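Same chain, two partners: subunit A is paired with subunit B first, then with subunit C.
Take a look at the complex of A and B:
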C-alpha cells in the first residue's frame, strides 16, 4: 500500500508537469526518473503484490488449508519484496540519481556508458532481488494448492480465484527467471565490464528480447488474479455459478499458455524481418480470442440472475468496462502497420493504463471490499464506497481516455510545445488525475475507517456467499468441516454442483 | 496546416478507421449486455429464488466453438483487409527508383546524409512525388525515427541498419510542405527535444538546393 501511495504520487507529479506546455516543474532527467519509478513500482511492487497479498489470505481459506505450505518461506518472500522496494525507492537518492530509462530499461541506455549513475545499478539489483521473492512465493503457492487442499476440495471444485492464482504462479515461475537473468547480465555489464548489452552486435536487441520475453507474461501475471476476483464477486453478487465454468477455466488456461508466445509484438519497430512480424501479429490476435471469451463468460454470469449491487460489484463492473476498452485498443496494436504509429506514443499508455490501472486496480480493490468482512469481521460504509467509486471511475476516464487522441505525443516526454495542439488534451488528463487519485485513495481509506468499529459487530457473511471460504463447507455436504472458518450460512452446497431447486 | 496528407497516412487512417469501427461495435455489445443485465436482473424486494448454475453442456461447448470461429474469421478478415489497405507498407521499394538517405540518430538529433555525401542535421529536404528510402541507424542508444504525418516509424539501433520508405506528396512551383520527425524512444535526458524538420520541395527546387549544398560542402571539406 505504501508503494501504491509513492507510485501514485509520482503519477500525479507527472501529470502536473504535463499540465501546461513548456512546464519546468521537473527537469527532463527528474521527469525520466519519475516515469521509471512510477512504472516499476506500480507494475512490480504494487499490482502483483496486492493480488498475491489477497491470495495469501484467501487461497488457504478457499482450499481449507491452515496456511501456505511453507509459512517461513512466505515471511521471507514478503520481507525480500519489501526490502527490494525500499532499495528501489532509495536508488533515486544516490548521487547521480536513479534509473531514468523508463520501466523497460532499454539497452544501451541502461549500460554504464549512458547511465553512469550507481542508482541505476541499484534499481536493477532491486529487480533481481524481487525475482527471488517472487520465485519463493510461486513455489509456496503452487505447493499449497497442489498438496494442501483439504478433503473434499477436488480439482473440479477448486474455486475460480484459486485457479487464477495457480495460473499466475505458474506464469511467474516461468517468466521471472528471464528478468533475473537479464538483470544479472546487465549488472555484470555495469560492474565488471562485460558487453552483453553494450555491444553493437545485437546488444540492444538482446535486452529487448529478454525483457519482453519476461515482460509480456508479466502483464498477464498482473491481470489474472484480477479476473479471478471479478469471477468471485460476480458469482456472489449475482447469486449464480459461473457461466460455463469449464469452458471459462479452459479459456483462462489458454490465455496463460498463449501469453508466452506473443512477446515480440513489443518489438514491431525494431526492424526484424516481416515474417516475424506476421507471426507475432497472429499469436497476439490469437490470444485475444480466449481472453474475450473470458470476459463474455463473466458478463453472461449476470444473465438471468439476481444481482445485489454493492461497492465490490461496482468496482468489478468498472473492471469489465476497462478490460474491454483496453483490450480492443490492444488488439489494434497487434497489427504491425498500425503499431508503427502507436508505438512509443500515448495510445499505448492509454491502452495499458486501462487494463492495468483500470481492470487490475479496480478488481483488486473490489476484491478487498468483497472479502473485507471475512478478513476483518467488520463492514465498511457502503454509501461512501459507492460514492468514492463513482467519482474515481469518472476521474479515471477523464484521465486516460484523452490518451487515445494523443497518438502524436511520444511517451516519456517531459513537456510539449504550445503549437503542438496537445495542450487541451493534456490539461484534461491532468484534471482527471486530480479527481481520480484522491477519490481512489478515499475509496481505499473507507476500508481502513471501518477498522475503528468493534469487530464481530456484523454478520460475517453479509453477501450470503456460498463459496467455500465463507461457509467453511469444503466437502459440499452442507456441514462446516472446519470450525475456524465460521460456517454461518445455512445455505448448503457450492457453485460447482447443480442445484435441484429450479427457478420457475 | 492545409497540407496534403501523405499516402501512407491515408492508408493508415483507412485501416485504423476500419479496425476501430469493428472494435467499437464489439465493445458496445459486451458493455451494453453488461449494463442491461445489471439493470434488468438487479435484486428487487421480495425475491426469493435460487438460480441454478449454467454448467457445461454440449450446447455451451458448442457456443464457445462458434464464438471462437466467428472471432477467428473476423480477425483474419481484418488482417487481410489491413494488408490490402496498406499495400506499400510491406514491400521495400526498388532501390534504383528511390532516393536513398542515410539517417543517423544520436543523442539528441538526427543527421541525414544524401547519396552524394551532403550532410544535414536536424532537417531534411526532399523532392516531391518521389519514393524515399531511409537507412536508419544510431550512434549511441536506441532511438525511434518517426515521420509523424506519414505514420511510419522504425527504431534506430546502434550497430544495425533499418529501412523505412515513404512517398512524398506532389508539390508545385515554389511551394514547400513541412512535416515533422520525432524520436519515440526514450534516449536520455533531452529525448523530449529530439526531432527534425522535413521540407518537401518541388523537384527543380530540390535539385537546386542539393547543388548549392554540394558546392558549399566541397569547399568546407564535408
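Take a look at the complex of A and C:
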C-alpha cells in the first residue's frame, strides 16, 4: 500500500509535467527516472503484491488450511519484497541518480556505457531480489494449494479465487526466474565487465527476449488474481454460481498456458524474422479467444439475476468495462501492421493503463472492500464507498481515455510543443489524474475509519456469500467446521498494523 | 505478505527480517562500498544458521496436521513438493542462461575452438567427480532407508569431499590457468558466457555443500533414522539437479 502511494505520486508528477507544453518542472533525466520508477513500482511492487497479499489471507481460508505451508518462508518473502522496494526507491538518491531507462530497461540503454550511474545497478539488483522473493512466494502457495487443503476441498470444489491464484503462481514460477537470469547477466555486465548486452551479437535483442519472456506473463500475473476477485464478487452479488464454471476454469487455464507463448509481440518492430512475426501474431489473437470467454462467463453470471449493488460490485463492474476496452485496443496491436503504427505512442500507454490501472487496480480495491469485513470484522461506510467509486471511475476515464486520441504523441518524452495540437488532451488527462489519485486516499481513509469506529462491527458473513471462506463449510454438507478461526487472528493483527501505518 | 504468521504456532521469529536486511545491505554494498557487502554477507549467514538450528528443533515438536485432500500427491511430504517447485524455478534460471549462451554463440561469426581453450581432461575429471558424488548421495539415502547410519555418514562425507574437490579443481586449477592464457571474464563473449555460467553453477554447488554439511552434522548427532530422513532425500534432489546442470554445461563449453 505504501508503494501504491509512492508510485501514484510519481504518476501524478508525470501528469503535472505534461499538463502544459514546454514545461520545465522536471528535466528530461528526472522525467525518465520518474517514468521508470512509476512503471516498475506500480507493476512489480504494487499490483502483483497487492493480489498476493489478499491471497495470503484468503487462500488458506478458502481451502481450510491453518496457514500457508511454510510460514517462515512466507515472512522471508514478504520482507525481501519490502526491502527490495526500499532499495529501488533508494536508488534514485545515489549520486548520479537511479535507472532512467523506462521499466523495460532496454539494452543497450541499460549498459554501463549509457547508464553509468550506480543507482541503475542498484535498481537491477532490487529487481533480482524481488524475483527471489516472488519465487519463494510461489513455492509456498503452490505447495499450500496442492498439499494443505482440508478434508472436503477437492480439486473440483476449489474456489475460483484460489484457482486463479494457483495459475498466477504457476506463471510467476515460470516468468520471474527469467527476469532473475536477465538481471544476473546485466549485473555481471555492469560490475564484472562481461559484454552480454553491449556486444553486437547479444545486445538489445537478447535482452528483449529475456525481458519479455518475463514481461508478458507478468501482465497475466497481474490480471489473473483480479479475474478471480471479480468472479467471487459477482457470484456473491448475483447470488448464484459462476456461469459455466468448468468451462470458465479451462479458459482461464488456456490463458495461463498461452500467455507464455506471446512474448514476442512486444518485439514486432525489432526486426525479428517474418515467420516469427506471423506465429506470435497468431498466438496473440489466440489468447484473446479464451480471455473473451472468461469475460463473457463473468458477465453472464450477472445476466437476469437480482444484483445487490455494493462498492465491491461496482469496482468489479468497472474492471469488466475497462478490461473490455483495454482488451480490444490490445487485440488491434496483435496485427503487426497496426503495431508498427501504434508502437511507442500514447495509444499503447492508454491500452495498458486500461488493463493494468483499470482492471487490476479496480478489481483489487474491490476485493479489498469485499473481504474487509472478513479480515477486520468491521464494515466500511457504504455511501462513502460508492462515492469513492464514482469519483475514481470518472477520474480514470478522464485520465486515460484521451490517450487513445494521442496517437501522435511519443511515449517517455518529457515535454511537447504548442504546435503539436496535443495541449488540450494533455491538460484533460492531467485533470483526470488529479481526480483519480485522491479517490484512492478516500478509499484508504474509509477502510481505516471503519477500524476506529466500534459501531461498524459486523457479523461473520455480511454479504450472505456462499463461498467456503465465509461459511466455514468445507465438506459441502452444510455443517460448518471449526478450523475457520484457527490461525487467522494473528494475520488480522498484521493487516490492522498495516492500515494503521497508512493512517499515519 | 503477513510477517507474523508464527503467532499461530506460539513462536516469533525475527530471522526473516534479519535475512532480508542482510541481503539488502549486501546488494547495496556490492555497488557503493565493498566492506558493506561483507557485513551484509555475515548478517545473512548468521541468520540462516539460526534458521537451520531452529528448523532442527522444529522437527521434533511438529504436531500432526489435520486430514487433508492432497490428490494426487498424498504420499509426498510438503517439503518435498516445495523442493520440486523450487527446482522448476531453477530449471528456468539455468534454461534462460543456457539459452542466452546458445543465442550469442550461434549469432557470433567466430568462436574459439573449445578443446584449445579449455582443459578437456580436467573437465572430464570434474564430470566423473560430480557423477560419483551423486551416486554417494543415492547410496546414503539407500543406507538410511535400511537403517544403516554408518552407511549414511560415509555416503554424505564422500559426497561432501567430492563436491569440494570439484570446486578446488574448478577455482584452483582451471580458472587460474585460463586467466593466465588471457581468457578472462571481460575478454569477450566466450569469456563472459563461460565465467558467468560456470560461476553460477559453482555458487549452486557451494550452496549444496553447505546443505550437505548440515546433513552431516545432523547425521553425526544421530538425527536420522530409517523412518525419518526426508532431509537427505530433499537435499539429494537439489544435489542431483546441480549435477544435471553440469551435464549440460560440460559438453556445451568443453566439447563443442
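Criterion: the second predicted complex is superposed on the first by the 479 of 504 C-alpha atoms of A that agree within 3 Å, B and C clash if a C-alpha of one lies under 4 Å from a C-alpha of the other, contacts with A are read in each partner's own complex, and residues count from 1 in each chain.
Definition applied: a contact is a pair of C-beta atoms (placed from the backbone, for glycine too) under 8 Å apart; a residue touches a chain by one contact, two chains touch by 3 or more.
The shown structure was predicted, so the numbers you read here are calculated from the model rather than taken from an experiment.
Room for both subunit B and subunit C is found when the two structures are superposed via subunit A, with no clash between them. Legend: residue contacts after superposition of the two complexes on their common chain; A:149 is shown touching subunit C, with no touch to subunit B.
Of the two partner chains, subunit C is the only one that A:121 touches; subunit B does not reach it.
Of the two partner chains, neither subunit B nor subunit C is touched by A:258.
In the superposition on chain A, A:59 contacts neither subunit B nor subunit C. Of the two partner chains, subunit C is the only one touched by A:193; subunit B is not.
Once chain A of one complex is fitted onto chain A of the other, the partner contacts of A:230 are absent, as it touches neither subunit B nor subunit C.
Across the superposed structures, the minimum distance from subunit B to subunit C, using CA atoms, reads 12 Å.
In the superposition on chain A, subunit A positions 199, 201-202, 495 are in contact with subunit B in one complex as well as with subunit C in the other. Contact residues of subunit A toward subunit C in the complex are 49, 52-53, 56-57, 66-76, 78-84, 86-87, 90, 94, 118, 121-122, 125-126, 128-129, 135, 138-140, 142-143, 146-155, 173-174, 176-178, 180-182, 184-185, 188-189, 191-196, 199, 201-202, 206, 209-210, 213, 483, 486-487, 489-491, 493-495. The residues of subunit C lying in touch with subunit A in their complex are 1-9, 13, 15-17, 19-21, 23-24, 27-28, 30-32, 51, 65-71, 73, 76, 78, 81-82, 85-86, 88-90, 92-93, 96-97, 100, 103-104, 107-108, 185-186, 188-189, 191-193, 195-196, 200. By the touch criterion stated above, subunit A contacts subunit B in their complex at residues 28-29, 31-32, 35, 100-102, 106-109, 114, 199-205, 238-247, 251, 269-271, 274, 281-282, 285, 288-290, 292-293, 295-296, 299-300, 302-309, 317, 320-321, 324-325, 328-329, 331-332, 335, 337-338, 340-341, 343-345, 408, 410-415, 495-499, 501-503.
By the touch criterion given at the top, residues 12, 15-16, 19-20, 23-24, 26-27, 30-31, 33-34, 37-38, 41-43, 47, 49-56, 60-61, 63-64, 67-68, 71-72, 75, 78-79, 82, 86, 89-90, 140-142, 144, 146, 148, 151-155, 157-160, 162-163, 182-192 of subunit B touch subunit A in their complex.
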